[in-house]
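Which chain is which? They are A, B, C and D, in the order written, and residues in each are numbered from 1.
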């Protein structure tokens, strides 16, 4: 499961640190103590920034880095498509072989395909993505329920 | 376990019915609903009467009848010896082969030897004996604890 | 015996093949008598498939659940949670997260009582409110409510029983009122076999906004159980009566309720995060599963529902109904035999209580046992029913998917012997 | 490796023969790697002898207990109550009636908390009184007391932990006061392995007349447990950590207390007599065992204590101590490895937590798992300890009677690999 790409993101995370944002959320993975504080900044429907700080395993750290890399600069609608694809991949229990179309959407995030075989780690990979979803809902004033 | 003697006592109980007494107790075997109300009458240290009324299985009924037959007319000290011997027999889990000495003390009550193999029935056989012990304690003003 | 009315033919329901799955049914007692096991309402026997699932779990996958990244922990978790999926499907639960594993039905029922005792409004049971049960409940659906009533001041009320062993609902409007917070009753009586009219009770409870808890301990093993069709709020049952292991029970509850109601037992597994000052709780079902759960036993229960489903609950029900009808007919022919409970096979399950003249049930049971026939005698943890009928105890024969007409015949012959013995 | 200091020789303690009793230890994972099972503090593996006892129970004797006159019911009752005798002897209980079977240690601890919450004076916990625990408790010995404190208004206090993983008793007179009703603490920490000084705490508790509850979940499997020598009032532990089945726990309590304290769960088995209006309760232990108990699991636990006793708890303790000392030495040589807890083998059990540089424990555990080594990572249901040391989680290796020096070596090699991988 430890693809080179994942280790790279882990060792050299993108966009780490807390910067100005429209909303801030704090998510915890109670089973392992992974934590993330994440802020989103929107410029209309465009994601201007995703900044974060947290502690956790290589998977959760790398995943937050990939999230930042993939989503910052995107329109909300596109970001949601990416998020949906990532969620699908992570819930596939290792049974989904990423094809070219998926790779186009998910880019570096396809490296997490192997993680989906490990139920205990799926939550690590999803932590920052769930936090982003939650923060977005808050920032844009929706009242979605927290899906920790 | 159903010795002839037991069936006889069951069908033709001795001294059944409630008569005048110095103390009355009511004992219940909660696992099967056997119940007995028992009165003792003392004449000094001599057991003048044991009267009882109850519902229950052949074992508990026959045992009360045997109790009455054996103990009425006895001195308390002798009665306690008989009671102790009966208790020992009933707790023997079928491993005690009544000898002549025991038979001399217990008379008809040795027929209950077979019952001691059946843990669920031992309580039935002991119900009236425990009630007698309790009633005696009350009648003679002792403060023994109930041993239901 | 294959001409028994209603009995499925061997091609539809091969009872001899089923019996071969149950090692205990070959047990020989009292010098060579093959056991005739008619104590299924107390507990059922276990098929090889369930025992194998237990052994395989312990030999190949045993680990603690939910907390590990190693392969055994993941396998054990998948098996445990997989059992939850199976049970959810078995009772047609809308969501797997509505299935809580407990140690037995008694814990499930205590869990409901305690949730409500500690709940906030609108669920809170307190001195202004009322609890409704029935006179035909198992002690496990009486005592938790008595305790709750004592500890909260709520008033405990109950439905009585008619002479023929049915719930007396004639005063339903006085029993279930605007003050009623919870109505808890058994779907099938464990002493009389009565199948209770769920709909009438639920309708009234819904009118007044009371929650409904159904004790399905004697139903889940024997009939199709569909919690959505039942429309109750909670449904409790127990593994050991449905060919599963001891040590496992289930509480199903509606999701919104499980979200809103407070936890009962505290500890590992049921928390989200703990500090010395305060804790937050995991979402249901974990909120209600404190400590290491009965992992192997849940896996065993999963194998049990697989086993029952493969045969088909509808077929099991039909088989038992035919056996019951036959047993009622043959038992009814015995002089002095008095049924305690409905005297027809309609709306009743395969549990038959009776008295035999004035021979005490203990004696009936003992003499049957000497012939290798295992029935239960006593108050069957439903003493109020005995009080109601003015009897100290009953003899109870209860059948299951592996029972045969031949076993009914053995019982009838055995009872003849009892009558002669004490006659 | 036979020259390890303190390791018993094969004639005294044949670890290879012991390993053969445990089928799971032959399990092969991840393409041919034989499992190295170092997650014993979470749960232990089970010997063939225990699995056989379970199977034999179900195949030969299965029936419900305490209520029947038939031969199976009598056999099942004798086996179940026989298990109680075995457990009583194992912990040197003055009376078998002081041994209550629960589903796990968590239920045992909740039982104590709830008994006291519903008790009359002098035991009653209420807003005038205080509860004392420690910062190194398992969540199962924290949350029940937090709930009790919230629900009664009693104040919850606790002992802190020193930098080297010991209880800080320096302020014992301020923590345990005249207001203290109950002191509940763990004999052995499940995260740090610390063995706590029982005597000092008991002495102070006795001075002020507080009850003492000991969580022996991590002690009962590993050392001689003598409840009379401990002088506590309650002792809780759990079957699955001591080579027994899941689904069974124990609460030992002093007889007078069990007589005086109120029941917790209500239902069948725990009653003396029931009417719709009120019920009376059976004497202990049955008063606290509502519903069909975990019968097979109790029988399995009986077989487990037989198994452990046949080897000898003193020998198991000595074996584990030698393994622990060796592991501490070898792990201590790894750069960046920091022990969380005592850094010597004295007064500590065979459970070792550590961090490895800034590699997250999840990653440590995963890479070890790929090599077939099963350790636990996380907060081990003792999150306050992680908070105390400012870490999110630890990696924990825990040994048992079947652990070998070779498994310690495998762990050390595995950790080297982890360091290189993330280095």
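Everything below uses one rule, namely that a residue touches a chain if its C-beta (ideal position, glycine included) is under 8 Å from a C-beta of that chain, and two chains touch if they have at least 3 such contacts.
Everything numeric here is computed off the predicted structure, so don't read it as measured data.
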Shortest contact path, subunit C to subunit D, counted in steps: 1
Among all chains, whose Cα centre is located farthest from the one for subunit C? A
Determine the centre-to-centre distance between subunit B and subunit C, using the mean Cα coordinates as centres, and give it in whole Å. 38
Mean-CA-position distance for subunit D and subunit B (Å): 46
Centre-to-centre distance between subunit B and subunit A (centres being mean Cα positions), rounded to whole Å: 78
Just give me the whole-number Å value for how far the CA centre of subunit A lies from that of subunit C. 46
For subunit C, residue numbers touching 2 or more other chains are 67-69, 73, 271, 273, 362, 366, 377-378, 383
Return the residues of subunit A touching two or more other chains; collapse runs of consecutive numbers into ranges. 31, 118, 121
Could you please specify the touching residues of subunit C with respect to subunit D in the complex? 23-24, 27, 29-30, 35, 37, 39, 42-43, 45-46, 51, 54-55, 58-60, 62-64, 67-73, 103-107, 109-110, 118, 135, 138-144, 146-147, 151, 156, 158, 238, 240, 245-249, 263, 265-271, 273-276, 278-279, 290-297, 362, 365-366, 368-369, 373-378, 380-381, 383-384, 387
Mind pulling up the subunit C residues that touch subunit A in the complex? 66-69, 73-74, 77-78, 271-273, 282
Using the touch definition up top, name the residues of subunit A that touch subunit C in the complex. 28, 30-31, 118-121
Residues of subunit B defined as touching subunit C within the complex: 1-2, 7, 31-35, 55-59, 61, 118, 121, 124
Subunit B touches which residues of subunit C in the complex? 360-363, 366-367, 377-379, 383, 386, 392-393, 421-422
